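What follows is a group of structures, each given as structure tokens.
Two complexes come next, and they have one chain in common, chain A, joined by chain B in the first and chain C in the second.
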Partner chain A sequence: MEKEMNVTDNDNFDTMADQELIVLRKTISVDQKFATGPVMGKFLTALKDKRILAIQCPECGRLQSPPREMCAICRVRNREWVEIGPRGEMRMMEYCYYSSPDPLTGESRETPYGAIGILLDGCQKEEVFWHLLRPEHLEMVEMGIVMGDRVTRGTRLRPVWAQERSGSIDDIKYFEIDE
Partner chain B sequence: MTRNVSICAMAQIKNQPAIWQHRFQGMLMECFESIMEQTQVTFDMDTGLRNVVTCSDDVFDARTISDAAVTDVVGAHFRGEEKVAQDGISALGYAMACILSGHDDLILVMGHCKESQSESRNMCTNLSFDPFYSRPLGLDYLNAAAFQARAYMEETGLTDAHLADIVVRSRQNGAHTRHARENEQVTAKEVMASPLVADPIRQMHHYPVTDWAVGFLLCCEERAHEFTDNPVRLTGFGSCMDSYFLGDRDLTAHFALKKACARAYTMAGITDPEKELDLVELNDACAYQLPLWAEGIGITGKARGPKWMEAGGMDKHHVNLSGGMLNGNPLMLGGLARAAYGFTQLQGTAGINQVTGLQRALAHGTTGAAGQHHAVLILEK
Partner chain C sequence: MGFKKKNRHVGIVGIGETKFSSHREDVNQPEMIHEAVKDALEDAGLTMDDIDCVVHGNMELFEMVHQPDLWHTLGTGARGKDAFRLTTGGTTGGTLVGAADNLVAAGMYDTVLAIGFEKLQEGHTTGGITNMADPLWARKLQSGALTDSAAVKAIAEFGPDRAKKAAMLYRIIMDKHACLNPNSHRAFGLDWDQMADLMENSPPLIGDLRLIHMCSQSDGACAMILSSEEKAKQQCDHPVWIRDHITIHREETLNLCVNHYPNETTHRFAARHLYERNGITDPLDYFDVFEMYDPSAWWGADWIRDFFLLEGDAHYRLIEEKEIMRGGKMPINPSGGVLAANPIGATAMVRVAEAAKQVRGNAGPHQIPGTVNHAIASSFGGTMWTILIMLEKELNW
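The block that comes next holds the complex of A and B.
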């Protein structure tokens, strides 16, 4: 048998503006260890030696960097490794006016920063490598454009390597104008 | 016309404590390549695979929308891909529905989970609870299971000795199952001496940390011959969700499991599960769940779990000859592992524990704290 409840003003959602509405602040944190596997692992290891590697699809020949286990388009395992760059041409850039903190260090990079796509030497079409532009060079670069037959060359760039390299994408500090 | 659905192929990697040498993409790739090789199935838009159903968990993958990260290695590029974020047996049920509805002829089902990636499984499952009440009080799937275990033991007289027998048998069976996690064989005495982790659950009563991936190719029955000479039919599926809040549930009443079974049994034309199921694979993350779920699916007759066990019910009904989840499958994939084993049994390739004359098997999966959601699948030769 159900008990009849006393209905008070508090049962009416409309009156909730009168009460203190509590918001809890919590941080969700579970430590992880991410295996890189033989493919991403090889790419990261090469960065220690200041080399940028791409993996190539045996069917379409598409270069992929960072490398993936399979060519998504051809659905076959990638096998051949090719060294690309390290110099290249800027293809696109966006100004990013905010920056999220690094979850490990809590530090945020300065804003605005340039997120860039570079066509590293040896690559073509969409085989663009994503990284960062040296902040001082933000206003000094031009994007390369390919629209049908119209090709405009972008600014030539080169990587600036970190002094201490550990096999992470931060081993490249950023790309800067190559002159 | 009513359609029927078959599993044409299954591929899995070995269940292991920590697959440190691969990303989960690499784990799935091996299954994907095996399915392609076994069946020669294509991704032709007219005759081949157009849709993939995946199963993974955002928190265990530490990546939101976890399926987006695996589309490359499951052939989903420029195809339909949908993710099931609960026990993967629901992915098989969903794939079945795609085929039964006439929506598609072929569906690839791919599941992965890498439990070893996280510092703690309990910290991950703690996140499944609400952030205001249950989560700060420390609930996770393990200690929530302990409430259920205690209630069930009080109600039925299931003892620590019964639980030890289940663990010993699980590891013996696991040792006979290909791709099963390799565990040390133990005696009942050793199980009963293993430390309590959440009374009455001891460490050995709880499945060990495991990494695994698996894939299935499902097809409408009339085209199954294109991909295999040895298909296994899926004739029934049912699922049911119980209340989220643990306190709303009667933890030993089998509300969701009975309803899931009723639906699957009706679909498969089963009226007496005790007699009509030749093989049963139950998703026992903890030892006490084997007799509890056995009651829920209706194979213990009038007996409660302990009496059924004492009468030899586990072997008589061929329950968890794989070793069960207790031997080690990751969360989310417990039900897929049950279906994978049922498939090998019905194909006649289960090895030492092969049951002869097998016609029909039940595979069970469960998601959520203390069995909030249950789903069962009926497989037939």
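The block that comes next holds the complex of A and C.
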């Protein structure tokens, strides 16, 4: 970086062609903590007892799980709790070949894996629950489809609970075939 | 919706774009932004003295530089001026144009410079987007911007053969457009006879979403100068008028089930409201060009139906009959679209910039044939957020 930079000549980058360009590499690690709030806290606490809770909108009646404080569509506070599942029907799978980073650990995810939407028993329409499929079952499941009069059933699934549960998404290891 | 007509008309008087690329190590962030700002000022024949306010945006999680507007003042020219910073993920570029439109229309400023940028090679795009997800649940599950949901739904509706062909046809049309645009980051020179090979052999990312279907991670910046009607007419012979824009958000949940319940997307909702309040009954007939924020070929192919309020397979027929190509009934993305370049904070603004250049008739080698009187540009981001911006050649509505 000995040479003087020609900062007045914006048009002619050739004057900088013999300039040494340096790329600085940085890796940072940041500790984070997030408050759950009472609604998500109640849901996460129930996972410790192997129970999956949903919260219901008093106006449109839709269930949300993980629960939200409000129904964003009706703009009212959700108050009624309903236990759903824990078994359900496979409705949608993202069959992931691309190894994206897990922001909770910083590690790249092992592939392939299936991120799935499960219509847990007691839920309907778009009230699906988002979790992972047991990797060994990736090729063995069918997605259920609803399109007008055309309805096909998806593979039945059940959760596999972690031995040690702390009130987090990891309390469920994954869902596996229940047939 | 609480929509009010504009207080005064707003025109686009200057447009600047950098070359989009996967590697701009030759410049740092403010220098790259400066390229677009300088280009826009020269295009408008203005200097920074003419700019009353600067709005600036990107998605800061990508480069991990917080308040980049401070560092970037060197390139934006914002020192001593009113300035706002906006960041709404993929829609950022559209939000910037919408905000500048509002600031000028409201009478707060006569001339506003809007700047969108991203230097995706300096951070980790998928890592950044995954941090957008709710940290208590979805972060563990979300795979960045990658999703197979559009492919799953299209295949369920139209069968694998037709759906996969439509997505690949869309992809190759976009590449043919990109090859004419000198600013493209990716222009491969694909041809029709490669469809079968690409459908089979392009590396899979998620399900039927393959690498060839997905947009890139690009470096680049875009700048636009917007002025009030009075100023625009003084500054410019042919301003491009922003007739209207609409911005629609929804809650953060993703649609994770394969079904077709009557659940209107934000794209269709935005399009329906925008056309209704502007008295446009047949958008396919009305508009001459559409610049769509199409993050993947699967999404692009699917979304044509929502943006033009079509039903059934009308959108597939437009693709299959190549009516979305330059020279077709509805040219989509003569620039090559997001599949040609995706500097995220700039991407949605590039859609408006490219649509405006088509209206002016000086887009360059990718200018479409015929007069472009009416253009529309879309922005996409978050979990299905939509901005639509309508442009007009004449002030006659």
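Just so we're on the same page, the second predicted complex is superposed on the first by the 149 of 179 C-alpha atoms of A that agree within 3 Å, B and C clash if a C-alpha of one lies under 4 Å from a C-alpha of the other, contacts with A are read in each partner's own complex, and residues count from 1 in each chain.
Here, contacts are C-beta pairs under 8 Å (C-beta built on N, C-alpha and C of every residue); 3 or more make two chains touch, one makes a residue touch a chain.
Treat the numbers as computed from the prediction; the structure is a model and nothing was measured.
Trainee: Looking at the overlay, does A:I73 come into contact with chain B only (first), chain C only (second), both, or neither?
Mentor: After superposition on chain A, A:I73 lies in contact with both partners, chain B and chain C.
Trainee: Counting only touches as set out at the top, which of chain B and chain C does A:D31 meet: first, second, both, neither?
Mentor: first
Trainee: When the two structures are overlaid on chain A, which partner does A:S166 contact: first (chain B), second (chain C), both, or neither?
Mentor: Touch partners of A:S166: none, neither chain B nor chain C.
Trainee: Using the touch definition from the top, say if A:Y98 reaches chain B (first), chain C (second), both or neither.
Mentor: A:Y98: touches chain C, not chain B.
Trainee: In the overlay, answer first, second, both or neither for which of chain B and chain C A:T45 touches.
Mentor: After superposition on chain A, A:T45 lies in contact with neither partner.
Trainee: Based on the superposed arrangement, let me know which partner A:K125 touches: chain B (first), chain C (second), both, or neither?
Mentor: second
Trainee: As a test of reading the superposition: which chain, chain B or chain C, is in touch with more residues of chain A?
Mentor: C
Trainee: Show which residues of chain A both chain B and chain C reach, each in its own complex.
Mentor: Of chain A, residues 28, 32, 34, 36, 40, 68, 72-73 contact chain B in one complex and chain C in the other.
Trainee: For the complex, give me every residue of chain A touching chain B.
Mentor: My answer: residues 24, 26, 28, 30-40, 68-73, 75, 77.
Trainee: Spell out the part of chain C that touches chain A in their complex, as residue ranges.
Mentor: So the residues of chain C touching chain A come out as 25-26, 34, 38, 64, 124, 126-127, 130-131, 134-144, 146-149, 152, 156-157, 203-207, 250-251, 253-261, 263.
Trainee: Enumerate the contact residues on chain A facing chain C in the complex.
Mentor: On the chain A side, the touching residues are 10, 13, 16, 21, 23, 28, 32, 34, 36, 40, 44, 64, 66, 68, 72-73, 91-98, 100-104, 109, 115-117, 119, 125-126, 128, 130-132, 143-148, 168-170.
Trainee: Can you name the residues of chain B that touch chain A in the complex?
Mentor: Touch list, chain B to chain A: 19-23, 25-26, 29, 32-33, 36, 43, 59, 62, 71-73, 75, 77-78, 114, 117-120, 123-124, 127, 131-132.
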